[in-house]
Amino acid sequence: MRNRYFSSDPAQNSAALALYDSVADLRLICPHGHVDPRLFADSNYQCGSPVDLLIIPDHYIFRMLYSQGISLDELGIVAKPPSKSPPTGQCLRDPNELGGDLNAVTAVDHREIWRKVCENWHLFRATPTGIWLRDELANVFGIHLKLNSRNADAVYDALEERLSRAEFRPRALFERFNIEALATTDAATDTLEHHQAIRDSGWGGRIIPTFRPDAVVNIDAAGWRANIDLLSDVSGIDIHDFATYVRALEDRRAFFKSMGATATDQAALTAYAELLTNSEAEAIFGRALKGEASAKDAARFTGHMLIEMARMSSEDCLVMQMHVGSYRNHNPAVFARFGPDMGADIPIRSEFTKNLKGLLDRFGLHPNLTLVLFNLDETTYSRELAPLAGHYPILRLGPPWWFFDSWLGMTRFLDDVVETAGIYNLAGFNDDTRAYPSIPTRHDVWRRVCADWLAGQLVRGFIDEEDAFEMIRALAYDLAKQTYRLDD
Amino acid sequence: MRNRYFSSDPAQNSAALALYDSVADLRLICPHGHVDPRLFADSNYQCGSPVDLLIIPDHYIFRMLYSQGISLDELGIVAKPPSKSPPTGQCLRDPNELGGDLNAVTAVDHREIWRKVCENWHLFRATPTGIWLRDELANVFGIHLKLNSRNADAVYDALEERLSRAEFRPRALFERFNIEALATTDAATDTLEHHQAIRDSGWGGRIIPTFRPDAVVNIDAAGWRANIDLLSDVSGIDIHDFATYVRALEDRRAFFKSMGATATDQAALTAYAELLTNSEAEAIFGRALKGEASAKDAARFTGHMLIEMARMSSEDCLVMQMHVGSYRNHNPAVFARFGPDMGADIPIRSEFTKNLKGLLDRFGLHPNLTLVLFNLDETTYSRELAPLAGHYPILRLGPPWWFFDSWLGMTRFLDDVVETAGIYNLAGFNDDTRAYPSIPTRHDVWRRVCADWLAGQLVRGFIDEEDAFEMIRALAYDLAKQTYRLDD
Amino acid sequence: MRNRYFSSDPAQNSAALALYDSVADLRLICPHGHVDPRLFADSNYQCGSPVDLLIIPDHYIFRMLYSQGISLDELGIVAKPPSKSPPTGQCLRDPNELGGDLNAVTAVDHREIWRKVCENWHLFRATPTGIWLRDELANVFGIHLKLNSRNADAVYDALEERLSRAEFRPRALFERFNIEALATTDAATDTLEHHQAIRDSGWGGRIIPTFRPDAVVNIDAAGWRANIDLLSDVSGIDIHDFATYVRALEDRRAFFKSMGATATDQAALTAYAELLTNSEAEAIFGRALKGEASAKDAARFTGHMLIEMARMSSEDCLVMQMHVGSYRNHNPAVFARFGPDMGADIPIRSEFTKNLKGLLDRFGLHPNLTLVLFNLDETTYSRELAPLAGHYPILRLGPPWWFFDSWLGMTRFLDDVVETAGIYNLAGFNDDTRAYPSIPTRHDVWRRVCADWLAGQLVRGFIDEEDAFEMIRALAYDLAKQTYRLDD
């Protein structure tokens, strides 16, 4: 259905369709996500089995099955070597592991896993995950079946057949998906070898890295000390104090920028930003190097580094992103066995008005800086984020994140922020996915939500047609491109 | 109107009606509520005057009149002996008093009270209380009048006439209401004599108790010490330390289970759960016995007992319920004169991600355990509750509670939780009422909300007809029955 | 369009129009706002240029332009002498400066400013500010153009022409706007000379003052000490301790009341109310006089004065208003250069259940007292405010404030509070504006929202026509008049 998901009110429905049609063919801007660059480094990269492609990398899917008592082992998730550090709620995500090994060998037969997913497909009714996979099967793979235990094998066979064809290789899909630019997310210590391979290959797809320094910035992150050594190695700067540490980070940012990066990204439990004095920063960093930093040290250091990163962005013009409010690895049994990013991250309340003031006081008006904010507490939308973005020149609001990357989540976001911030203080859309074949449907849902929302504004007389058509284009394409400086 | 309350969009309206019709005649599952079991113990139980039945037990009604300056005395509420303890915000509810004395003698003429209610009936416009009473008069009592000062006497007369008839006795209504199972809420120290009388009577209605240990668990609750003595008496276990206390609780749980209970329920100001060491628990319990426990002791002890109750449930398989976030007895003048449950309980913010971790770390994956969560802070729906329920196998989300047991409250609940948790991590509906004749309309409103909400999903193309019809049945009937293990 | 903004569902749309039509001509009750009384003191008051009238006093407009990198200087905002005190998040607003100097000389040509606004008018798409100015141009000035860079000059010329005419003087507009009563907001130390001039002029428009004691109550407010001296002067009471301070406040309240005031208003960062002992209040006041009060002193003193003001209101029957939750002057660069009220106030989380208890315990049931609550944290609507207002006789909920004075903000408010509090615990509408010509459109939007919302309730069968027509009248007119005791 061309008008799927739109309001059933006939006037709004037809207005939404006209708006949607005006942007449906615009290229996709993907300025933030977690697709593995290896997919594109080798022109013959094979996506593996249907389960390798669609289930194992997608914690949206397996966490729902887990919630109904199906173990991750049954779903083909491979146990990882145990971590020594217990989860603390601070970001423990090790960016070196982002995406895991997509082709990990698992003891469970993939066809059996697929059957288990199909048998339980009712769990995904009325969820974005369910909608994405349905749209993906139909539009990417040409499979127009509703999954169930009876057709599980037939769908599996059909998917295997598709994946064996050259036109389903990642690069071919990239072109078919009509992606204009795709940013990956990469550890500060990453050598970007896959990005280099892409460049060297002469292929024209624009795949760019994003500088994600969490593993070297959050001093309580698992493996922080080892990552600092790695940072010394890759930067060629011997990190022995805060000054050399900052220099190494600046060096890596310059390298990422030379490789096409236009943005950085930081994750933190809270948005707390605090400017330390040089000697405080130096002292905490010294304690961290010796493994003696306290939890309070870690929170303050992260807060200081948010401001430091803003300072660096004001100098090198990399767009700054902040993702806050996820209590990572909430389930210790899952973390111990499988590691991070296993669908066990749970949101907490966020606060920006007070927390972000330390950063805004110094850089809130800086002409070079763009700061894109993301969080998982919808109560901040109307109370804090829209008023902040409707005042501070550097701020842009990222699209609804994670659990809120959904029809109703996006609708609430627009309802809550546009009246105060307008749409021109938004950052457009990003899919933020590690599930590569879901990219087109995620953008499609966003474009449909915006079309339906603007159609509602239009038929009620808040805006006119000129407004509506310009706004849908901005939301679907222009704002993301401009915010992330991808038009250079 | 068969399609009352549904969207005025014709497509959604007719889809909603079809969905509603498919479940309208399913029997009612009532797994949590506060109806007094005495109503059913005697086959000839008389409900008293219309005011005894409809006004005096219903704090939803009299708190609204009170908010407009009408005193509780004018409404027939009887003053109670003063409590020695001042309200603290902790749960002071004494489960022995649940429901009060339904036939209390009041100095105010009941017809006068009824007239006062009718004169002020406009206050209930657009409120669930107003809708329930209207539906109840029409569908239970066959009175199709809109209350006002002119028809107050006529309606009173008609109600009196109905109540004099055998077909309006509680057992007859139970059958007419098509109730499959009704759980009451009973203090841990309750002898369940009325439940025993129901069993002994040979009547086939399934009325089961629920184990509510608040009065012996919250060491700062009014009368806690006396309740411990009572617990010793009824269990036959001399409680002199924490170990004997735990044994007595286990004994009572076994007794409740033998009387048909399938669930427990705890109320707490917050969801804070903390595992104490045995010696800590012992020490706090010892201080409590001597009347020397501090407020902090009380909070920690309640937190520990949440985990203890989870442990017991993992052993005896009673479903665990938690109701958190009500600041009880907020109005000291009302509490001093009338006691608890007088419409003066006010919600506070809740938090689950951090608070519940102590329990989830230990029992979050236990195959025997089901934990149903309720609270009064809607911001937790999308931010914490749906993500938690969409991950942890033991969790189910209770339906919108109290102030949110309303058309818009339920709609927001579905909007906020289903995209993340699906519907199969929900606990279906429970009416949670002490207003017995309101049970059918409360279930009817829930079934209508769900039908309308699913119809919206259907006409927009998120789900198909097969999904919608299976989902409405699950929400209306199956989920409550399964969650509360009433299909055994 | 007569039915603009209403639901596009035909049934709801026509019901909304009928409801709206029934109240569209009712006079406007304006019980809270910031219009400068000078506008009415002189029958020949000139409103200045279009920019003086429409842009410079309206921080809703210039903060949005500022958020997109347009400086306040470019927009004609005049820098003010620097304040000695840094912003603290406490209310620093100096009520003596409310509204600033409407005709301040600016170095930027006003026509240039107007062009800048028109060029950037797309920023206001789908915002209430955009809707208000459009409606205002059409309905107040008869200009039916959509602003853009091409018609900027033509609109400016047309506005200049209108403003030169006698029928666009403030008093003439007051009559055309059909205002029944307009309350201004005035410092406790204000001599009310403009109000006196209005009375002396014999003009019949009802313009009344409101007692706003923030600058003498918040001991950490900029200039507090000087304001105490001023309070001594205007009251003729030598303030040297807490007792004389209270006496001076009572004296000023009596004066305001003699000048027609029916209400007071206080702003605070939080709703925290704490009754101090006399000696504590005396001690803090003494420290404040010596400039030695701490931040904690300030918070406790403000909390105590909330209760003191409630006590005074219980004696003199002035309606009490509280506005909480705005972190004032969040941007130190803007505050340093331009002072307060420059669009840089950002909301924070609010809490009422615990914070307000100290006041409610003492005055929650007082028959003389009405307390109207406003705040900027929508999460409190359903969780705290509606339950509190649905219980305590003194409470009324003010309409959605500031960022939430918008179509969706008002709709969410009604959705969130009416089911629990009904509509008769609401205070109706107030425009709270310093943008005088926007008053009619603000009331019009409220009346349209209420009509559309009630039409939704009507077509779904929650209420009937009798209910709907009585409720729209109450919301549009009666509740504001009754709450603010303007019917005396």
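Labels A, B and C are assigned to the chains in the order they are written; within every chain, residues are numbered from 1.
Operating definition for what follows: contacts are C-beta pairs under 8 Å (C-beta built on N, C-alpha and C of every residue); 3 or more make two chains touch, one makes a residue touch a chain.
These figures come from a predicted structure and were not determined experimentally.
Colleague: When the CA atoms of chain B are placed over those of chain C, what is the turn angle between 0 and 180 degrees, to the nearest 5?
Modeller: 120
Colleague: Please state whether the interface between chain A and chain C is built from the same residues or different ones, using more than half shared residue numbers as the mark of same.
Modeller: different
Colleague: Rounded to the nearest whole Å, what is the centre-to-centre distance of chain A and chain C, using the mean of the C-alpha atoms as each centre?
Modeller: Computed value for the inter-centroid distance: 41 Å.
Colleague: Tell me, which residues of chain B touch at least two other chains?
Modeller: Answer for chain B, listing residues that touch two or more other chains: 9, 379.
Colleague: Using the touch rule from the top, collect the residues of chain A that touch chain C in their complex.
Modeller: Within the complex, chain A touches chain C at residues 9, 11-12, 351, 353-354, 357, 360-361, 364-365, 367, 379, 382-384, 386-393, 395, 415-416, 418-425, 456-457, 459-464, 466-467, 470-471.
Colleague: Per the contact definition, I'd like the list of chain A residues that touch chain B in the complex.
Modeller: Result: residues 1, 4-9, 63-64, 66-69, 89, 122-128, 131, 146, 327, 330-333, 343-349, 376-379, 403-404, 406-409, 412 of chain A touch chain B.
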